[in-house]
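Same chain, two partners: chain A is paired with chain B first, then with chain C.
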Partner chain A sequence: MTAYLIATLTVVAIAALVGLALNLQWGMGGLVNFGLFGFYMLGAYIAGLLTVQGAPPLVALAVAMIGVAALSAVSALISVRLSEDYLAIVTLGFAECLRLVISYEGWLTRGMLGVTGIERPFQNLWPRGFADIGFLAIALFAVLIVYATLQGLARSPFGRLVRATRDDPGVVEALGKSVLNVRVRVFAVGGAILGLAGGLHAFYYTYIDPTQFGPIITAYAFMAVVVGGRGSNRGVLVSAFTLIFLLEGSRFLVDYVHGLGASELAAIRLFIVGVGLVVLLIFKPDGFGREPRSTLAAKSSSSL
Partner chain B sequence: MGQLLVNGIVAGLLLALPALALSLTFSVLRFANYAIGSYLTCGAYLVYIGNVVLGMPLWLAAGAGAILFAVLAVAIDWLAYRPLRDRSGVTLLVASMGVAIALENVIRFFAGNSPRAYDVAVARPIRLGDVRLNHEQLTILMVVIVALAVVWIVFRFTRLGRMMRAVADNPDLAAVRGITRSRVVACVWLISGILVALSGVLVGLDANIEPQMGWTYLLPVFTATILGGIANPMAAVAGALTLGIAEEFATLVMPVHYRMIVTFLVMVALLLLRPWGLFGTRWVTK
Partner chain C sequence: MLEANDVSVIYEGGFTALAGASVKLASGAVTGLIGPNGAGKSTLFGVLAGAVRPAKGEVRLAGEAVTHHGPVWRARRGLARTFQLSRELASLSVVENVLVAKPQMRGERLMSLLLARRAVWQEEEAGLDKARALLQRVDLWKLADAPAGTLSGGQKKLLEICRALMLDPRIVLMDEPSAGVNPTRISEIVEFVQALRQEGTTFGLVEHNMGMVRALCDHVYVLAEGRVLTQGRFDDVITDEQVASAYLGAQA
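Moving on, here comes the complex of A and B:
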């Protein structure tokens, strides 16, 4: 049971990172990224392949973050000057193509066979039998650092600028700021976090193959952000550690409910996520959290 | 060469119906429906129920399934999209992704992940010189051309078509002239529902019926629609044909499994150079 709890918590911590990244891109920046899982997958593969080649895990993780950030910036550049619909489809297309390349270019990625024997960071530090707890600590530490960074960013002048480009790009443009520049930077920072999350995924499972990465990662992240309240990092953390925890935790039901296989259970879980997204967007569009520094704006707009 | 062209045209026609449907809903609602892939899958499975489970002949099952799915599309619009109509476009995008996830997993729950096929007789391909055309391709050719002709006639020559074009052009002006928007929207969903369900059947004939089938069509359908200029329904058909032929000829230099990458490259080039589409006008840039 403890082992099960630790495993679920680790998965949830990684999902929380993805949620935080999406919260920066979509919640604060208004940029829809439907290709989250592709960027995450890229992070996992960069970190995994470099580690297998003998690079120290932390270096591999850093390279993964930089690489995914760079590619996020490029994919944003293709379409940021167009409306949101286009960015959404470009990110989705990018993710699908990346999955194809990783599946078929076996000389580089070992294709469907997957990459095995990925080394975890600090894995010799923990006493025998405590490796998973140790890794959970690392993952939670990463969540903490990312959370603190994003909170700092949200309260900084840059954070205000990001929210302003989301709410009214015209005004930002008129004030002499470059909307394009802001959006590309937001996408790059979000990409770095996705690279980190993907790298942790590779370290945690120590084995990666293309089937591990699918739209479910994207679905969870959107759920976390919609429930937590767009723009609220705290809300995203809370929703990740409650909602995604429950959803992930439901895996054990396979052993208890007869006639319900793992794939049926996965279908039910995702069905709930899909319907939940629509219902929340209709009835509780602001989620349950609150964006920092949004009270003043809310007051002034309600007095109008 | 001739074979590649024929295959390309058939692939393009397969894309034409969903691209037309996507562009129809976009032109009237200004909303890019990301659930269109799941719609396609859903239509294909509904027809599968009629054809294989209930034992209807395929044409009957396809007709019944398409109408049933069209009603479903209107219902989904009522339940999910209508309450969000006044919100920002981004909200609708995410909602449509939610709809897509939900639909696809209903299918996965009941039908499982294994691929299925319609109950049709296997027939020998027809040879015309050195070009081979199999029966599925012939069916695709005929169904798509008839469907396109019908939509074109409705769009061009009927009262409903005029109303649809009026709402697409300027909803406020259309409302002033006494056109009920909600009724036009319902009709648009009915038409695009029928088109998408039919294309689901055709894709199922051409390949297999599986929960992922629509998902793999999402990117090509969007690319075809953007190629035509996204709010221009009939141009979407031209976009679909262009893309289908381009994909087929790209197999000369790229492995077949990288079709999607060809599509993606076409889209990227398009968004960088001519985001208003090959045939569209320049309003879309922001």
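Moving on, here comes the complex of A and C:
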């Protein structure tokens, strides 16, 4: 049971990172990134392939973050003239291309066979039998750092500008600030987080293949942000945790509900999550969390 | 200071919003644009601000041809505007709406956030003092922390003016600033504009409230059907027969 809990929490941590990245890009920035899973996959592959080539895992992770950030920035540049809905299509197409390239360019990525034997960071540091706990600690540490960074950003003048471009890019331009500049930076920072999450994915499973990455990752991330409340990092953390625990925990229903098989349950679980989301959107369309304000502004007005 | 020469704008679908209009906003003066609905006043403002690209004609800012520069470029050179239909940043608080307009914020650069926290903080405090002064002037400071989307129509207009003034602009284009604003506040806007003009700010004003136009404008252009019908001092222009028929014609 403990092992199961540790495994689930690790999955939660990685999902939370993906959710936080989307919350920056879409929640705060209004940039619909349907291609989330492609950037995540790229992060996993960069980290995985470099590690099996003998690069130290932390270096591989850093390269994954920088690589995905750079590619994200480029994809934001391509979509400069596109409105929100077209950006969704472009990013989705971009991610599918990435997935196809990774699936079929076997000389580079080992194709459908996948990459095996990926080494985790600090794996010799933990005593025998504590490898998973050790890795969980690393993953939670990553979440902590990313959360603190994003909260800092959200409360900074930069965060305010990002939210302004979401509300009305035309106004931001009339104020003499480049919207494209903001968007590229938002995509880059979000991309770095996705690269980090993907890298951790590769380290955790020590084996990656293209079937592990699909649009469902994007769907879960959007769910986490919608439930958590757009713009609220805390909300994303709570909802990612809740979502994964509901999905994972409901596996045990098989033991308690008579006549329920594993395959029916798999379908029912997704069905329940879907219904839950619809109900939530009817009764609490803004989600549970609240978006942070820029610090000084909030402080001064509270002491009116 | 800011001028449009013979500009034409044809919207998608073939509607001609401007057909060779020329206006000139003299430095340190308030220039009014009046005319019936659909005359092209707001489109002309869009052209002056860089949000609308003219099919023909030229825009000059402080003597320099700026036709091919967008709104960002022009705003950085001191051109601020408000919109006919308020475009508040709805989910930002009232004070954030004003703060976000402050130019050259180091806190909007990622590197400075990491390396120059103190400078970012000081800059933010200076911005806040200024935003407070502006908002107090129009009695919005009491709502500083409210989401801007929850303000009334008139309050949004006032907020937009504060936001534009946060840029320390040399030129301000105000598109119907009095629409939906109650009369006591309108005189507040008038005082606001007069005080800034004393300091040398140039204004462009699209307005249907003729009392306000009379009180503020040094020079008035009358637009109808995408052209400048006539121009001059308000009192001379308003008695013009063509002007009367343009307005009445639009009402009939």
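In this section, the second predicted complex is superposed on the first by the 260 of 304 C-alpha atoms of A that agree within 3 Å, B and C clash if a C-alpha of one lies under 4 Å from a C-alpha of the other, contacts with A are read in each partner's own complex, and residues count from 1 in each chain.
Rule of thumb we're sticking to: contacts are C-beta pairs under 8 Å (C-beta built on N, C-alpha and C of every residue); 3 or more make two chains touch, one makes a residue touch a chain.
Since we're looking at a predicted model, the values are computed, not measured.
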| item | value |
| --- | --- |
| First, second, both or neither for A:274, with chain B first and chain C second | first |
| Partner chain(s) touched by A:175 [first = chain B, second = chain C, both, neither] | second |
| Comparison of chain B and chain C by chain A residues contacted | B |
| Which superposed partner A:89 touches (first chain B, second chain C, both, neither) | first |
| First (chain B), second (chain C), both or neither touched by A:79 | first |
| First (chain B), second (chain C), both or neither touched by A:157 | second |
| Partner chain in contact with A:105 - chain B first, chain C second, else both or neither | neither |
| Shared contact residues on chain A - chain B and chain C | none |
| Footprint of chain A on chain C - complex, ascending | 49, 51, 70-76, 80-81, 83, 87, 89-93, 95-96, 99-101, 103, 105, 107-110, 113, 120-121, 123-125, 128, 132, 141-142, 144-145, 163, 167 |
| Contact footprint of chain C on chain A as seen in their complex | 152-153, 156-158, 160-161, 163-164, 166-168, 170-178, 185, 189, 231, 291, 293-294, 296-298, 300-302, 304 |
| Chain B - residues contacting chain A, complex | 32, 34, 79-80, 83-84, 87, 89-91, 93-95, 97-106, 108-109, 112-113, 215, 218-219, 222-223, 226, 255, 257-258, 260-261, 263-264, 267-268, 271-272, 275, 284-286 |
| List of chain A residues in touch with chain B within their complex | 26, 30, 32, 34, 78-79, 81-86, 88-90, 92-94, 96-97, 100-101, 104, 215, 219, 222, 226, 263-264, 266-268, 270-271, 273-278, 281-282, 285 |
